[in-house]
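Following this message is one structure expressed as structure tokens.
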């Protein structure tokens, strides 16, 4: 079981800020493919992965990173703080 | 080092005065303050800032620690708000204290460049004609290049 | 634009708050504050700042005008004290307001570099073991080179 | 008649902040030579002209600048503001 968090327009497209997922995906990229296969709103949210960033346990990461041992995955657009 | 992430307003005058007070070992204090700006094209009603609780504080702390490793700093302050802000309201401020001005300036610019693109905040503009997430700028990402060793 | 040369203390918190107040057209405010620093070698009793009345205001105004020509600024503030200052006291501050942070930072650094070497102020350190005029640093003169077009 | 002002250690060496001078010197450099010929304290203050700066009517200037029309000349060490 893994917590998946969504922020900004990723959250809006998927329609929820957080969910718990049972997955066998070994990498972030595999998890994204699995989610895209679920429903159109996931397909829409993850359509352009160049426009997305991912954090694993609150550290910025790459889409090829392994999910082994990870408790929290977050997907969001590029940050616009400051 | 002080890192604050809050919804409430803060007083940049009081924060600046408190940060600078009693420093006989630091000759230079630099502050940066970000303010919600009116956009000319469409009247801005509000700016809504979303963030990632937990990761935000962690990312800001790491950025401030990296600045302290790179430059001779006496202290660093970062305050960043989230929630709904009106035009003219203060979004955030940073402050750096250093013995010499070059370090205080460089560290402040570094903090701002990293905070813009590496701290998990997202801005949404609320206008009379609709809402829209602020897109990240290529120039903000490019600004990080100058800090690569 | 506001240029102030005075012997009295000033409140950097109040000045910063007043400078930033009500700016819905400027997204970025940068301030620099200079503080009398203790010197490790010999306990500093005071710093005495001499200036050239008349020329000081003129030079600071010209430097601020040049900054406004080079960058898109909304406003510039320069406050510089003269007379006898104790360690920890504020010597001077500058503030810049701009729509974008790069302009606010660049203008603030430019103002400081020119103010250091081109505004007619001279510092004397008063210590228990004697008094001495602060020598101009080669690095301060060299700092001006980066602004040559 | 011209007003001549001295600041910082130039003022201390010469022993006064300001004086009015009747001079026929055509340039700053000529005025400096004239002053150096007066007394030892001027000789001392102007010994190293590389360490000095000059302003004519409150504008930084060079030592080769003409004095015609100038009302106020100021001599001082390199500035140390900020």
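Every chain is named by a letter (A, B, C and D) in the order it is written, and numbering of its residues begins at 1.
The definition used in the following text is that contacts are C-beta pairs under 8 Å (C-beta built on N, C-alpha and C of every residue); 3 or more make two chains touch, one makes a residue touch a chain.
Here the structure is a predicted model, which is why all the values come from computation and not from measurement.
Colleague: Consider the contact graph minus subunit C; what connected groups of chains does it contain?
Modeller: A, B | D
Colleague: Report, in whole Å, the distance between the mean C-alpha point of subunit A and the mean C-alpha point of subunit C.
Modeller: Centre separation, subunit A to subunit C: 48 Å.
Colleague: What whole-number Å value describes the gap between the mean CA coordinates of subunit B and subunit C?
Modeller: That gives a centre separation of 23 Å.
Colleague: Return the distance between the CA-based centres of subunit A and subunit D, expressed in whole Å.
Modeller: Centre-to-centre distance between subunit A and subunit D: 72 Å.
Colleague: Give me the residues of subunit D that touch two or more other chains.
Modeller: If we look for residues of subunit D contacting two or more partner chains, we find 82.
Colleague: Note the residues in subunit C that touch 2 or more other chains, in rising order.
Modeller: 34, 101, 112
Colleague: Which chains touch, pair by pair?
Modeller: The set of touching chain pairs is A-B, B-C, C-D.
Colleague: Can you check the complex and tell me which residues of subunit C touch subunit B?
Modeller: Listed in rising order, the residues of subunit C that touch subunit B are 11-18, 20, 22-38, 87-88, 90, 99, 101-102, 104-105, 108-109, 112, 143.
Colleague: Given the complex with subunit B, which residues does subunit A contribute to the contact?
Modeller: 5, 7-9, 11, 55, 58-60, 74, 76-82
Colleague: Considering only the defined contacts, which subunit B positions touch subunit A in the complex?
Modeller: 34, 49-52, 54-55, 58-59, 80, 91-92, 112, 115-124, 133-136, 141
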